[in-house]
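Working notes for the structure below.
As written, the chain order gives the labels A, B, C and D, with residue 1 at the start of each chain.
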Amino acid sequence: MIIVMKAEVTEEQIQHVVNTIHNAGLKENVSRGEERTIIGAIGDERVLDASSIEAMSGVEKVMAILAPYKLASRELQPENTIIKINGSNVKVGGNQIIIMAGPCAVENEEQIIQIAQGVKAAGADILRGGAFKPRTGPYNFNGLELEGLKMLAQAHEATGLPVITEVLSPDDVGLVAEYADILQIGARNMQNFALLKAVGQQKKPVMLKRGMASTIEEFLLAAEHILSHGNHNVILCERGIRTFETYTRNTVDINAVPALKDLTHLPVIVDPSHGTGMRKLVSRVAMGAIAAGADGVMLEVHTDPEKSWVDGAQTLSIQEFAKLMPNLQRVAEAVGRSVNNKSPEVFDILNYTLNNKSSYFNG
Amino acid sequence: MIIVMKAEVTEEQIQHVVNTIHNAGLKENVSRGEERTIIGAIGDERVLDASSIEAMSGVEKVMAILAPYKLASRELQPENTIIKINGSNVKVGGNQIIIMAGPCAVENEEQIIQIAQGVKAAGADILRGGAFKPRTGPYNFNGLELEGLKMLAQAHEATGLPVITEVLSPDDVGLVAEYADILQIGARNMQNFALLKAVGQQKKPVMLKRGMASTIEEFLLAAEHILSHGNHNVILCERGIRTFETYTRNTVDINAVPALKDLTHLPVIVDPSHGTGMRKLVSRVAMGAIAAGADGVMLEVHTDPEKSWVDGAQTLSIQEFAKLMPNLQRVAEAVGRSVNNKSPEVFDILNYTLNNKSSYFNG
Amino acid sequence: MIIVMKAEVTEEQIQHVVNTIHNAGLKENVSRGEERTIIGAIGDERVLDASSIEAMSGVEKVMAILAPYKLASRELQPENTIIKINGSNVKVGGNQIIIMAGPCAVENEEQIIQIAQGVKAAGADILRGGAFKPRTGPYNFNGLELEGLKMLAQAHEATGLPVITEVLSPDDVGLVAEYADILQIGARNMQNFALLKAVGQQKKPVMLKRGMASTIEEFLLAAEHILSHGNHNVILCERGIRTFETYTRNTVDINAVPALKDLTHLPVIVDPSHGTGMRKLVSRVAMGAIAAGADGVMLEVHTDPEKSWVDGAQTLSIQEFAKLMPNLQRVAEAVGRSVNNKSPEVFDILNYTLNNKSSYFNG
Amino acid sequence: MIIVMKAEVTEEQIQHVVNTIHNAGLKENVSRGEERTIIGAIGDERVLDASSIEAMSGVEKVMAILAPYKLASRELQPENTIIKINGSNVKVGGNQIIIMAGPCAVENEEQIIQIAQGVKAAGADILRGGAFKPRTGPYNFNGLELEGLKMLAQAHEATGLPVITEVLSPDDVGLVAEYADILQIGARNMQNFALLKAVGQQKKPVMLKRGMASTIEEFLLAAEHILSHGNHNVILCERGIRTFETYTRNTVDINAVPALKDLTHLPVIVDPSHGTGMRKLVSRVAMGAIAAGADGVMLEVHTDPEKSWVDGAQTLSIQEFAKLMPNLQRVAEAVGRSVNNKSPEVFDILNYTLNNKSSYFNG
């Protein structure tokens, strides 16, 4: 930690900071420049509280040297974390790009099974679908809850696809973990520390979405919360941040993809559906994410987006998803990776369409 | 709701939107312009899902007309909500400006009682202090929990000041409500809907802090969540939003103060401590907030800021707080309001200081 | 400057950085910690290029210690700069709060003179009005240019009010300086360095508006550009920054007011008209700005806002402005300052209104 | 245009809005709902001033239906604009991905020629290099100006590469256009309308960089300024926007790439050097940009980044650039496009390195 003293600092004030450093078991390095005296704290600075030191008289500012997270850092673990999903061959964080697809919300048994079959046929690895839905407005549909979880389990049985679904409250963690293969923490709950603790204390893998105004460092610290409770199977998901731009719902932080891959060993997924909020942009941003180094993408897919109860505007139809898959495959190969070995080109889009009367993607 | 169709829309697509409006029990108004056909949905548009309509073919964009919140709106209730705090004379939202003051975190019995006495002597109305602390890093002090609540109760007994403290988890709501007079929902939990529901289902007043990247509309929708569960005693707190500016910890959205007073009947408090993150800016921003129409301010105050376990850099000393109070009073009077009738000018700052060896505010 | 080396740094890489520091005429301080080696550069670090050093192998990050501006800093000049406006008694930056008022754009001779008389009667110190208008769209009215300047001069003659108006291009600086008493640099041009140079090389005072995404440091560096060319009469204007919030046009950064007053000796004005974009919020934010320490406010005022050619939605009527003035006075007095000695309470709003048929402010 | 009236609107206020619409030559559509009366203006709404209408009594808000730009819109011109660069085979906006590479600033003749030869050998299409440099601080190097332009011309002669360089002031447009093949407008000048006019009135192609806080709509309106003055050869460049994230210098708005390709016919380039500010992220973001649909990328490349006078931290070495090229080619092919037909794989990186003693990219 570097402590910059004010121009008019007194010797007593310097000594007070030095004593504080000593008392914390660290060593100091005092550098008296022409314009400023600077004090370095040598050792594991995480034992010092920057804000208290900033409150000391004579202190102008305090700058941290080390990242405040440890378990999540690539410095601690240079090799990638690869997370094997229970009861399946799916590995998140390995060479294969992982495709998570499904509706925003589980609506009924027929819907979720039909979508699960559709996305599986097109090459998806994991089925997504919300049973507990956080909704900005109190009068919106907020999920089928336990019934939704059971329907996801049925879709899993029908297709073999592992299931990812969101959990909103520490009390529901046990229940959701019974039915889901991956627990999702939504962007609004990224700093719900009671919830992070609860998912950190159980065994199922957790996908943590970045808060919409969270820095990369705060994102890794939220992951550190989960890791520090003993669960090392954490997947990170960049889902767009909030900026001044309003044409799109969020702004996908594409820089964060290689930045996270550099800073941490945890797998990184991108969610272009929430990241853009606009169906016409989803495919291209998904392709961009894979080229930029993402380990997978999460996509909202529905048999009939306009009948989707939630987030229809950003949801791909099964046909659009099926048309996207070969593109994702080509980009994955361009960066030395692969998608699901069942080639999506084999998928009979035309037949599917004739039977389902949805229109093709014309984008 | 206004639905703007694409330039190349077909009659069938228009009819499909019109049918959807009819099916929801609303009437339509179709306006065929030279460049665009526009469809208005007449009636309570909140029954329509904008995102589903945006997913329909031929639709370019959808624009809401009405605010999505109702109970929180001044249109529903023109007169101000005034919240009487249990077992005290304090009323939030009335003519008197309310001053909430105290440490970021409760540290021990002596500390909280000493601070409570100090801020009371200087004219504070309500004691703040955290027993459950949300912390960005997993290795930081996260509060004394139940012990902290008990110490707050002791400080309340010692001074008569009502107590506000944060609750982090639905499971803790009952416990916190036993000890606190106002339950605080922190910025990170503004959209923790399970928690909003829990505080909405009990009777104690709730102070809801604005999420650091939440719009005014989302803020009011979060309040609506609480109101819709039956608790109408909701206080709003602007605590700074996250912007590109990094010199300050957050950016106090001063525009939001008159905007909220215009849109809602709920009281509005400003927190300049978190809103600036810098002690030297707190006083002036507190004064600005009152001039802009806030119903009160919340301030972090400690007997010894540099020994504060949390947020020392933004914490005022008792002396600084005591010197600020007459300024707040003068500004309050300039806008036709008052602060606590016990005049803070009477407070014997010099004696206090001699006994406590803290330094004066030189700002 | 502090240079943090990577964990796996070599002795050669450290030496390379040390040599670079030596070659720039500075001294080094090398601190070898357990986790990182840190190198301090002692002396005037502004001679070093942080980005080049960051490009060196073995370097993890570079942190500046000193503010990059000098002439603008309060460290260089502790006392406030007070700017006397040519041919008038107006002093910007002194004890008196300065009120700049007038239309967004000059429209015709009658309009500008009528407005000038109105705002003067209500207590304004300086007349604002645009002759050269920067407009986001190419098809919008962009000012009367030279004709507008002449009308401003006529309004000045009719009322004695000094005039502030915007200059958009280095080529126009001489012309605008002939007619105006203060040259305004708009937010979009805050980093138009050719223009900053041109206004820095002439004598008239300059009011520099903060760019809508400019940090406080960049704002002061833009002022430094002007100061460094020899013109020390620079007024800073906080006019709202761009954030994610869309309810208001911009977000007034109230924190920036005391922050700037702390960092620089230059006067600070706030523009609540552009800062909010909404007439109903302007008055309260103006009051908040003065309480927070601003040296003045700039307000858009028009005899008939809905006939204003530009920015009508954020423009006060003369009557609204006249009603605001006593409020500004009361807040100014609460913070130990004053407004124009001609009491605005004396202003005969009723008569004015009867003759001008505008509606009263009902806010 | 849709005008939403307040709940308590009067018939007279409605009529006043209707008259204004009539007077502008448009037709009205009045829809009287239960909660709000809504007035649609039918016809080319660009003749109405939204802000004036918002200033009318009884008006709650005004919503635009049509994009405010015309010439830039894909609605006007469905096919892509392809810009042939003078005296070369380079076409921007066609099937081939365009690679612009070179130093941030021209430093001397030897440097610029050596870099030009290096990037050409590695497959670049266009040489970039700044002669006029906008610098945040007044004490930084701001370019060799005319001497720099001459050196760029020499580099062009030595390699045949077309040259792009920035112009800062309307007065310099003629001079820069003599030497450069593409004129660049920097992010800070995106709304310098005097400069947009000047480049719009000459013939050379213009690359317009997005302002760091400019929305997509404002970006297209700035392009419209240039187009409306007669120059239709405009290239758009996404170079990162300013957000709350500080780990990276800017946030590349990857969503903007497919959004712009959808909204406009103009070519879209991405600048990952400024967009990230970190060398280690540049390559992956460049690959992501091409996958997302960009027509090219602009990269800062230097023979010796740490000796670069400007922006060294985000500058690739020639070797890093040469290693990136085959990756860009593979991604381009994955999306059905190509890079420069001279295969960069042929480039003899090893020999180049031996002769130049720079280190390889280890990222």
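One rule holds for everything that comes next: a contact is a pair of C-beta atoms (placed from the backbone, for glycine too) under 8 Å apart; a residue touches a chain by one contact, two chains touch by 3 or more.
Keep in mind the model is a prediction, meaning the values are calculated, not measured.
Student: What are the mutual neighbours of subunit C and subunit D in this structure?
Tutor: Touching subunit C and subunit D alike, sorted by label: A, B.
Student: If you tally the C-beta contacts for A-D and for A-C, which one comes out higher?
Tutor: Between the two chain pairs, A-D has more contacting C-beta pairs.
Student: List the centre-to-centre spacing of subunit A and subunit D in whole Å, with centres computed as mean CA coordinates.
Tutor: The mean C-alpha positions of subunit A and subunit D differ by 30 Å.
Student: If you average the CA atoms of subunit A and of subunit C, how far apart do the two points sit, in angstrom?
Tutor: 40
Student: For subunit C, what residues touch not just one other chain but two or more?
Tutor: If we look for residues of subunit C contacting two or more partner chains, we find 213, 242-244, 246.
Student: Flag every residue of subunit C that touches subunit B in the complex, lowest number first.
Tutor: On the subunit C side, the touching residues are 213, 215-217, 240-241, 243-248, 250-259, 261-262, 275-276, 278, 280-281, 283-285, 287-293, 327, 330-331, 333-335.
Student: Please name which positions on subunit A make contact with subunit B in the complex.
Tutor: Per the touch definition, subunit A meets subunit B at residues 46, 49-57, 68-69, 134-139, 142, 168-171, 188-189, 191-194, 211-213, 218, 221, 224-225, 228, 242, 279, 305-315, 359.
Student: Could you please specify the touching residues of subunit D with respect to subunit B in the complex?
Tutor: 2, 4, 7, 29, 31, 33-36, 38, 40, 42-44, 63, 65-66, 75, 213, 242-244, 246
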